[in-house]
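Residue numbering begins at 1 within each chain, and the chains themselves are lettered A, B, C, D and E in the order written.
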Amino acid sequence: MSADVLERAEPSTPPTFEAPRPRGLGAKTWAATWPKLLAVGIAVGVWQVVALSGWKPDYLLPGPGQTFSRLWEAAVDPDGRLWSSLGTTLRRGLFGFFIALLLGSLLGIAVSRWRVLRAGIGSLITGLQTMPSVAWFPLALLLFGLTENAITFVIVLGAAPSIANGIISGIDEVPPNLLRAGHMLGARGVDRYRYVVLPAALPSYVSGLKQGWAFSWRSLLAGELLVSVPGVVALGSDMSNARNLGQADLVIALMIVILLIGMVVDVVFSSLTNRIRRRRGLTGLDSVPS
Amino acid sequence: GGDSDASSSGSEDGGEVRLGYFPNLTHGTPLVGLSEGFYEDALAEDGATLVAQDFNSGTDTIEALLGGGLDATYIGPSPTVTAFAQSGGEGVRVIAGATSGGAALVVQSEIETIEDLRGEIVATPSVGNTQDIAARAYFQEEGFETDTDGGGDISILGQDNSVTVQAFQQGDIAGAWVPEPYVAILTDAGGKVLLDEAELWPEGQFVTTQLIVRTEFLEEEPDLVADLLNAHVESTSFINDNPDEAKTIIGEQLLELTQSELPAETLTSAFDSLTFTNDPLASTLVESAADAESVEVIEPIEADLADLYDLDPLNEILAEAGEEEVTGP
Amino acid sequence: MTSTRFLRPLTRSSTPREPVRSGGPAVTITGVSKEFGAGDQHTVALHDVDMTVHEGEFLCLVGASGCGKSTLLNLVAGLDVPSAGSVDVGGRKVAFMFQESALFPWLTLHQNVDLALKLQGMPRAERGPRVDELLAMVRLGGRGNRRPHELSGGMRQRGALARVLAQDADVVLMDEPFAALDAMTRDNMHDELERIWTEVGLTVVFVTHNVREAVRLGDRTILMESGPGRVKREYNINLPRPRHHEDVAVAEMSGRLTEELKAEVARHVR
Amino acid sequence: MSADVLERAEPSTPPTFEAPRPRGLGAKTWAATWPKLLAVGIAVGVWQVVALSGWKPDYLLPGPGQTFSRLWEAAVDPDGRLWSSLGTTLRRGLFGFFIALLLGSLLGIAVSRWRVLRAGIGSLITGLQTMPSVAWFPLALLLFGLTENAITFVIVLGAAPSIANGIISGIDEVPPNLLRAGHMLGARGVDRYRYVVLPAALPSYVSGLKQGWAFSWRSLLAGELLVSVPGVVALGSDMSNARNLGQADLVIALMIVILLIGMVVDVVFSSLTNRIRRRRGLTGLDSVPS
Amino acid sequence: MTSTRFLRPLTRSSTPREPVRSGGPAVTITGVSKEFGAGDQHTVALHDVDMTVHEGEFLCLVGASGCGKSTLLNLVAGLDVPSAGSVDVGGRKVAFMFQESALFPWLTLHQNVDLALKLQGMPRAERGPRVDELLAMVRLGGRGNRRPHELSGGMRQRGALARVLAQDADVVLMDEPFAALDAMTRDNMHDELERIWTEVGLTVVFVTHNVREAVRLGDRTILMESGPGRVKREYNINLPRPRHHEDVAVAEMSGRLTEELKAEVARHVR
């Protein structure tokens, strides 16, 4: 009925520790880069093989060589037309996206906030989201005439519903225990959104913004066919002209440009969400051994 | 329609005149006129400035014009008729012709006769477009049945010209009834002209592009309209007097606007099939509209197409210049 | 409820006084029932519960797992509405320390506590020192820059305690607040909680499974029975304060209470 | 030192209870319906006022009366053209969407699974998503000619990236504790996805599908504007014909049809996510008093 | 590890036998350290921990909140890798009952337990009765159709216990499994756990803050010290089984152990 109390050796002094140095930036960058290079390598390789195989004539399917030299020409062209097209389109895209961001977020918050609003127009948001951008052209022209605003209008109508839906679903998935904790802390009304709902919904919101950006950008390229502002060149109309004149190499070159922009946008948004997620311990599949 | 918004009616003193056109060979007149500064110069005499606006689709252009976002534009006959009919004969007026000719039925090399097209696909730029109507009317006359859904003896598909070019190159379609420069592009791609639309018209002339204005603009700003017409006539003369230089200018303008360059031979061949004229060839438009009704692409037009034309200002200018006057339908 | 209340220093050293059991009711629960679900999911969590918590009282709730304690606290907090009956807190400000910690994962520990102060309108300059004081009190000084997922279970619970105390509420509901703490740390927390309760005149409703803890802290302990949850018995704990977990009197009374509870629970165990 | 043990009255017999009857279906339907009716009422009212104000001539902005009678005419037209267009477009849309669903989900799972794949093509997915559908037409025609498959191809390329991104972000947000629990239960490899990752990501995945549907549908209508298949009528080409022929009332009528379809799709997806969420206790803002 | 192991009935009434403390090591922890973060977030959670858990042993871990107990279990479970040193479980199947329940919210209670069986390849026909048996054992019979959010905190913990037992693992890690249970229910769970441990010959590593619980259940108790987490002392609990929570011997030994622990902890409290 008595215990053997086994005494163990006791370390004499508490040990001291040094913080480990974080992993080198170079190694990190390389780990993120080589798979991309490999992917590009494979894609270009396959393309080259298909092109060389003579499956289709090269005016229909130009090879990488021809396309890249066309892209290079356009890039180094002294009148810088590609760059100014790109500049115009990016500026419009960003501007439209930010307006859509604003309106979409407000709309999403409002709809998630008021049950009646959700019942009334919740579904309309998806309805609007499925409307092809060309359907808005007549209205855009009526409201804004031939101005950049007409393009912005088309972008906003294309992207805001997606952003609204993103924030609504983010808010719907906020864990109830956090909402309840916030409520008990006295976060009501605007404070509830500011301090609880929006921060909690942030990761899904930000990853939803990628969808919003995609909608903006696609609406924009469609919208640029609608209005060309005099003296201003833009990617959307360049693309349509290249298509109309059957210049397959230029079409592909412009597609590459669009892809690259999309990828840059992805890197920005993804690193943002990753940072947000990691800070709150949402390490996804990294939390388990694979 | 009433547009009381001053900022968009564009003709205050020192105001703007907004002129639309397409970056397209059949719009050689505005391309040359803009490049040479004819429009700016003419408008400057009345203290107005020019805002030139390039478009990709007749539909957008018409929506812009009727909505008050545009004062005048170069455009093809079928959108003109659409706008006129849609607005109950109110919205637009033709004030001059620009281009004639330059449309053809191009087919794959193995097609020899119209009969060979039976059961095949022929593409047009879009349902109800000028070439589409010409195609339907022609095939109907030749005894082929067609419908707007692409059914019938010959499938007429209204589809984007870019799709047509590729589909033709791939052999997915047997032919296409298209305007320049697509006639030239398709011929380059191994096609041949089975029928030049010019053959269907008296004297081989039919309207391809014309200058139209908002009716309101015509009524409120006769001086500015006269300025536009002056520049237009000057540009037409320039092209006809210096065809080689004009062709070069047009080529440069197209490259500037579209970043895509037509091969020189294609440009030349297309350019040569066009006639640049101030005559709107009104009777050909009226006939085309009648064809559109008869092939049931559009509903019967209630307004009188004679009201579409207001050629007096043009004729005044032509008279002054000692040129032959033009007539309405 | 005045805006200066939270300025009252917790570290003020005052002689311990007897609890402010003014006798006025702070929380009145009358004929409360709570049902969940329908069909074969139908559960009666609470049935016809009457309970009064007095102003300044430290009330402990004990009862079998699933007997409706958390449900009852939810109703008092206004987070849920009773199916029948009424709950009245007379407009008092209620704070709630949940059974699971519910710290905000996007904020550091410091920011979590700070937010509670900010939401009461405390000026920024005063908040910093106050947060540090609270964190030190729950033995988390120096951990303020950690996020919840970087803390151990017991640390999160203490963080939640600091946040609840930051709220400076009139009524504090605590749902097994110290379940994840070792004996030493728990004793510390008991002392701190008792001190604040005495000094500030809080009303506390404290759910625990640890009878010794109930005897250590409470003025009164209510035993709930389950299936459905009802008030079964109540016990006044008339031991003088300060009490300690190791006090013989505390141990003895805990023993007696445990016996009684076990007997009660055994009679109704489902 | 002794306790007053206060004995309380003990209820003699445990009470019995009846399960409450669920709230009437009628009342529920009505609560979901009236706000929609109100919203439609307001929208039509404003439209009517604007139309009556004579701001724009009615051939540019037809009023509700004219538009609805046009819609009605089209709906009851004996040749059923509207219905067959609708049928074609819906069939294409659903078919394309399901293929996109399949490919997008597989792609998303693969990318979330293999770190190298994510580094290599993760960003490409967003790049593809931002590609306007028209850019794919040359390739679609090359691969499939003027067939329905070309349209399906464009839909899939338009929607699959969005679906993939949706599932990736859903997976990234799965709470680590559930992943770890699954791991300890022995859910490895495919089982991990089947029993843990996918069920956990389901609510965000399903709400992300709305975005995927919107991309499919818009790509589809954009495609139908460009390409027609002989003898087949479709909503997209009807819309473009109506615009080309200046039939503003028909354009709006078709927009209403598109909106309605989008709203029906929303109702389907939303009720699905809501059910999924409620079953797991994610009651969103309903968990706190407002 | 054979596929018939889980068929062994838990309800088989066998005479309690002395624990299978074969002496062979089931878990060997050698020189293990674990650090988190960098810069001012840097934390040394464990430093140079050596520990052996014997086959069939019931080992309890006690220590101050935040001393690294959960971290250690994570390392044994293979959910995390040590910064230094090694952990060897000799290919044994390890089950883990987490500090927070981690039932799958998309499954009912029944399905949660069922999944554990399914993932071991038990045929469907056998699973149903087995799940019912396990749920009855944790006193949740009839609650199988509830989802986790419809259960009380203690019910969720018991559900997690049923799920862990369903796994039929060789080594079971339990992180404060009974913290949310009332005394009665906890005693029941103790009895059930001890019975299964005895019958099946499990190896158990059991984290608790309740010394009485450690004495009630364990063959051996290890005291960890914090800042950073290290093994401080260990105690053999040489009391004969069956033991009961209320046994005088258990109470007495708990008292002594508590004293020692407090003294230890007090010396190192941060």
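The working rule: a contact is a pair of C-beta atoms (placed from the backbone, for glycine too) under 8 Å apart; a residue touches a chain by one contact, two chains touch by 3 or more.
The shown structure was predicted, so the numbers you read here are calculated from the model rather than taken from an experiment.
Taking the definition of touch as given, a chain qualifies here only if it contacts subunit A and subunit B alike; those chains are D.
Placing every chain at the mean of its C-alpha atoms, the farthest one from subunit E is found to be B. Per the C-alpha superposition, subunit C sits rotated 180 degrees relative to subunit E, a value rounded to a multiple of 5. Two chains share more touching C-beta pairs than any other pair, namely A-D. The distance from the centre of subunit D to the centre of subunit E, with each centre set as the mean of the Cα atoms, comes to 45 Å. In this assembly, the C-alpha centroid of subunit A lies 19 Å from the C-alpha centroid of subunit D.
Subunit A has residues 56, 60, 137-138, 142, 180, 182-183, 240, 243, 281-282, 287-289 in contact with two or more other chains.
The set of subunit B residues touching two or more other chains comprises 63, 67, 162, 166, 170.
Touching of two or more other chains is recorded for residues 37, 79, 100, 150 of subunit C. Pairwise chain contacts in this structure: A-B, A-C, A-D, A-E, B-D, C-D, C-E, D-E. Across the complex, subunit E is touched by residues 1-8, 10-11, 14-15, 17, 19-22, 287-289 of subunit A.
Subunit B makes touch with subunit D in their complex at residues 1-2, 58-59, 62-63, 66-67, 79, 82-83, 85-88, 90-91, 121, 126-129, 148-151, 155, 157-160, 162-163, 166-167, 170, 172-173, 297-298. Partner subunit D is touched in their complex by these residues of subunit A: 31-36, 38-39, 56, 60-61, 112-113, 116-117, 119-135, 137-138, 142, 161-162, 165-166, 169, 171-176, 179-180, 182-183, 192, 197, 203-204, 207-208, 210-211, 213-215, 217-218, 221-222, 236, 239-240, 243, 248, 251, 254-255, 258-267, 269-270, 273, 277, 281-285, 287-290. Here subunit D touches subunit E in the complex through residues 177-178, 180-187, 191, 195-196, 199-200, 202, 276, 279-282, going by the rule given at the top. Those residues of subunit D lying in contact with subunit B across their complex are 54, 56-57, 59-60, 137-138, 141-142, 145-146, 225-233, 237, 240-241, 243-248.
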